[in-house]
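Both complexes below contain chain A, partnered by chain B and then by chain C.
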Partner chain A sequence: MNVELKGIGNSSKSAISMRHMTKKRLLGKIAGKTVMWCILLFFLFYTLFPMIWLVISSFKTNVELFDNPFSLPKVWQFQNYKNAFQVSGLAVLFRNSIVISLCATAFNLFVASMAGFVLARQRFKLREAIFVLLISGILIPVNALMVPYYKIITQIKLYDSIFALILTYGAMGLPISVFLVRGFMKTIPWELEESATIDGCNFYQRFFKIILPLSKTGLITAGTFQFLLSWNEFIYAMLLTSSTSSRTIQLGIRYFSNQFTTDYTSMYAAIVISIIPSLTGYVLFQEQIISGLTSGAVKG
Partner chain B sequence: MSKKVVLGMFAVVLVLTLLFSLTACGEKKVPAPDEAKQTEPSQKEVVINFPSIWVGKDSKANVFGSFVKEFNEKNAGKIKVVVEEMADYQAYRDKMKTNIAAGTVPDVFSFNNAKDSVLYYKSGNLMDLTPHMNGGWKEDFIADALKEVTYQDKIMAMPYEFAVTPLMYNKRLLDKAGVAEFPKTMDAFIEMAEKLKGQGVMAASQMTGENGWFSMLWYSHLLVAHGGPDVFDRGLDDPAFLEAAKSLKKLFQYTTGDAVGAGAAVAGGHFLSEKTAILVNGPWFIGRIEKEAAEGMYEQVNVAPAPTVAGGKGKQGYYVGFIQSSLAAAKQKDKAKEDAVAAFFKYISTPENVKRLSLDSGSLFVIKFKTDENDKMSHIQKQMIEQSSSAPSITKHFNAAMDTAVVTEFPQALSGMILGEFTPEQFVEQLKQKAAQ
Partner chain C sequence: MNKAMKNNLGIILFLTPALVIFFVFFVYPVFFVASTSLVRWDGITDITFVGVNNYISLFKDGTFIKSVTNNLKWSMSGGFIHVPMAMFVALLLSSKPKGWKILRTIYFFPNIISIIALSMMWMAMYNNEYGAVNALLRAVGLEHLQRNWLGDLHTAFPALIAYWIFYIGYFMVIILAEISTIPESYYEAASIDGANRIQQTIYITLPMLKGIMGTCITLSMVSGLKQFEQVFIMTNGGPANRTTLLALYLYKQMINYRYGLANAAGVMLLTFGVIVIFTIKKIFSTNKIEQVG
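Here is the complex of A and B:
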């Protein structure tokens, strides 16, 4: 009886200790998950807070904004969004930005992919020197090129046209795009190209049929950077255009900032509108962008 | 999301945007500055390209826009002014500098009369307005205004907007603190600041962010108070620069905690929301007080000259004022175009038009005009005009008197002084070093 009791006692003890351990583990797991969620929520809040603040502020009056920057609006000012469209002609500028950014990205990738292919896959003298020369453009501040760009664009009669910005942005982004695309193309196994050559592929076929499709992820990464550059650029948009028909949304945002006064809340409304395409692009291409960033395109 | 869907969406967006781009390309565009200048034959309609900052939400935008419209209607088929809208002033300055560096000056453009303006005059690319001014036009301008834009005996620009920057104070807050009259001396001012502090209100808005505008204006006032109206003629070695720095440092004890690093929007916002009782700024701020200040505050805002200091050379009632903006034109080979530009300048500077612009925007101008009782003028603007008319001296502000390097250094050096990194002596030394460069 005693033995039985003892046995029962032991098993119940071990059951209790197992339960205790399970409980402990469970508690540990819960604690671990709580910490993880706390950290995740902190970073989520940290990342989203400026955006939420911007959206809420875009519905306030300027007086409310200065009086208490973190309060909710007493009356939601949809008028700010109306102002954004009416005062600065945001609709046309928005359309121009989309056209310019997409075309500049296409132009940039077209050139960068060809340059990247030659610099990554062909062996010739001065290859590295040409590459260094090309990417050294990354180190040149954009302001330093204002006068030459302005002169070139006016000389070729493209002043105040969307083509002025397409060409300029496409060229400005080339150093970084060539750097990214070449880095990605270098990671593609040589055997693939050699097999293609054995199968009869010529130079162009190797580029268009083998290397270019395999570099898609790298191209999307470079394209994302280029699109963001074109979308957010302000200095050259201001310098090379003079009418609404060729200006971009960044100039529209600044339309609310005058010599002595700034209508911040209408400007915030314009900023919120301007963010939409970048967000949409990211949602559409997030898989490619993330895999491009993590699989070699930016590893050099 | 499947690959096909993504590619499909991308293709649709691309096609749509290309279609849009074709529409955009078909729209009429403004000619490049030099293009407009060189290709328009005189017998055809003369096109004047005018990049303007008085657009968008600028207080002068409405009336100035009407001027352009009226002028174009009046000269239909002969002259056409095409406005290039550029609301952002810093961007505008950058573009004008680039234009001039590239040798393509716009037909008409505006600039503020900082010391660097002489570079524009020296460039040799500006139209000489002297022959046009000699026809009696110059009589419309207030005394000495044309001196500011005269270089080697030639009138190189048309002075236009004038500004004074007195102390705007909130009488309601002063009454609450038991201050019956606005202080005339610095000692009385500090006494008032203490009383206001007791009520939870800071005396004055200060800022060291951006170009430190409000604090720079305070420094300008204090410089005149200590060194007199000719203080800038004596340069940074004058003891007034150090004394004014000491006074300014003291004033920062009576401002908001965010003054170091604050921009004009934040510092101006404190005045509008009654966190501070005094703001030093120009007439362009009147519209904001009227529209954005706390309820009932606009009627309570008055202006006063800055206080004097014991032993200082500045006389009671002194003002800080300056030509805020001038208009210049590109040198023209075509006489018809030169005359067209002069005609446009004359139109926007007639006393009747300037009066319209001044009454609507609250801004002041260097062109003389008369007002009568029926004219609706802001009481703040009226006080500014009256006080500046009877001021013993009107001196330009620090930024207008100093080189760009010194102006750029001012906010950084001021931040350092307020944070205790520099003494007032070191603050002045910082400015001197920049001036020497």
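Here is the complex of A and C:
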């Protein structure tokens, strides 16, 4: 812009006034930019500050934390992280959470992909009605269903087992997964399936050999959401299990304050450790999560 | 004929698991909650039909009323402060300033971390003795504002809302994506007509965002109704029931074996959900469940 201005030069009055105008506009632009960055940086600070503070605190001694919450640790206390593992039984919590989340995701995707295939690519009566019914579940606040979920799980004798959570989580995420998977499967060209039919592929072969492999992106998106739901869920983990052997990481965090009592900084280390897997997963699957949110996915 | 029959069998086979799960975990529980909200059921004595007595007890219970008003405040803050703020930031980021992708990534962080972990983190932040909030106030010379944020009758509930309300990443990402679908030619035409960026935003972008805003407000308000973990971990409804929410109320009834009352509260929770969905749908009339592709 400046270069252009120079080019116009000081040759005439109008050019001068124009230059004056643009200068004003330029100032306005700078002011606008400044305000914009203040706002953007505020949100950045608000998001990052508590996390960074927690991480730094987790390397301090408790005396240091009480002395000055903002000081850096004199000696970085890696011992806290060792304590965290020993006191909280993080290994078991992680193992349970990983097994439950992976199984719930596999189970959920299996059911959702079959339903999604039929709802996206077969013509039959009631198709739209069934689809709308299934995805209406997205908007049901499932926390209202604590009593029935508890009763169902005890009735089928799954109480206090990891299967209770695998089944419940897989079911809770089913509406959104059906929605995502069906949406993705609809975008696969019909010609592919038609030519496969001509080549003699039956219904099941078309599903397993053609549609399912081509839906990989959609399945990864739905799977990421399902995994996060299972990993982060708390209420039903608390209601449907009782023993430490089937406890998930989220439920474990709740007991940290009992386990660590006054060793706050080791507790923070445990919390930091518990956050790392989901943040890593996010960084790895960021594209899927964002595209899942934005492909009209959650336009529920 | 034969082939069509095979397909029908396949359709039934493929739909059955989803439908069975949906009936067991969504349809049946909703009917279960609705019907058992009309009985007295404590897990020991026989279940007896009491009509709307549970609902009358609910509305006579000050804690329930407090839960409803708190939930209302929570949902409203979500729909009418949180989402508009997300929209505002999305508008800023849509001009693609330097590093906007990194900002988008970081703003989204809190949506990846579990609410339990975030709650523990903010409990530390708000802590009376060594919390960062008080330390921050000391650092900028506002010592007199220091307090036990979660223990104080007046600040406990605002403090709970304050912590999530600036975590705008989730809705920001959705709205930002919607902005990017608006055809560039609209803006070109407007700038030829002499409209500046602010005018373009007001007259082109905002009207085009009506539908997605309706969706986001609905999602935010319904998720406001579901909230449980924060209050359960950080205050357990206290001090003096100032921070109780419907899901927490329901939970407390349930663990005290007042199933009928718990389910009546559940019905209220579901009803509020339906009211929210239909009200917002009416206000933002373009909002409906859209089908992808």
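Criterion: the second predicted complex is superposed on the first by the 191 of 300 C-alpha atoms of A that agree within 3 Å, B and C clash if a C-alpha of one lies under 4 Å from a C-alpha of the other, contacts with A are read in each partner's own complex, and residues count from 1 in each chain.
The rule is short, and it goes like this: a residue touches a chain if its C-beta (ideal position, glycine included) is under 8 Å from a C-beta of that chain, and two chains touch if they have at least 3 such contacts.
These numbers were taken from a predicted model, which means no experiment stands behind them.
Trainee: Examine A:Ser88 and indicate which partner it touches, taking first as chain B and second as chain C; both and neither are also allowed.
Mentor: A:Ser88 sits against chain B, while chain C stays out of touch.
Trainee: Look at A:Lys151 in the shared chain and tell me whether it touches chain B only, chain C only, both, or neither; answer first, second, both or neither.
Mentor: Both partners.
Trainee: After lining up the shared chain so the two structures overlap, which partner does A:Arg254 touch, if you call chain B first and chain C second: first, second, both or neither?
Mentor: Both chain B and chain C are touched by A:Arg254.
Trainee: Hey, is it chain B or chain C that touches more of chain A?
Mentor: Larger number of chain A residues touched: C.
Trainee: For A:Asn96, is the partner it touches chain B (first), chain C (second), both, or none of the two (neither)?
Mentor: first
Trainee: Mind working out whether A:Tyr46 is in touch with chain B, chain C, both or neither, as first, second, both or neither?
Mentor: second
Trainee: Determine, under the contact definition given at the top, whether A:Ile290 touches first (chain B), second (chain C), both, or neither.
Mentor: Only chain C is touched by A:Ile290; chain B is not.
Trainee: A:Ser243 contacts which: chain B (first), chain C (second), both, neither?
Mentor: Touch partner of A:Ser243: chain B, not chain C.
Trainee: Using the superposition on chain A as set up above, list the residues of chain A that contact both chain B and chain C.
Mentor: 65-66, 146-147, 150-151, 234-235, 254, 256-257, 264
Trainee: List the residues on chain A that touch chain C in their complex, please.
Mentor: The contact residues of chain A facing chain C are 33, 36-37, 39-40, 43-44, 46-51, 53-54, 57, 65-66, 68-70, 110-112, 114-115, 117-119, 122, 124, 130, 132-135, 137, 139-152, 168, 170-172, 174-175, 178-180, 182-184, 186-187, 202-204, 207, 228, 231-232, 234-235, 250, 253-254, 256-257, 264, 267-268, 271, 274-275, 278-279, 281-283, 286, 289-290, 293-300.
Trainee: Quick one: in the complex, what on chain A touches chain B?
Mentor: For chain A paired with chain B, touching residues are 61-63, 65-67, 87-88, 92, 95-96, 98-99, 102-103, 146-147, 150-151, 154, 157, 159-162, 234-235, 238-239, 242-246, 251, 254-264, 266, 284-285.
Trainee: Can you tell me which positions in chain B touch chain A when the two form their complex?
Mentor: 1, 6, 9-10, 13-14, 17-18, 20-21, 24-25, 27-32, 34-35, 49, 51, 53, 55-59, 84-89, 91, 94-95, 98-99, 101-102, 104, 264-266, 269-270, 272-273, 282, 284-285, 287-288, 292-294
Trainee: Looking at the complex, which residues from chain C come into contact with chain A?
Mentor: Its residues touching chain A are 6-8, 10-11, 13-15, 17-19, 21-22, 24-26, 28-30, 32-33, 36, 88-89, 92-93, 95, 97, 103-110, 112-117, 120-122, 124-125, 129-132, 134-135, 139, 166-170, 173-174, 176-178, 212, 215, 218-219, 222, 225-226, 228-229, 233, 247, 250-251, 254, 259, 262-263, 265-267, 269-270, 273, 277, 289-293.
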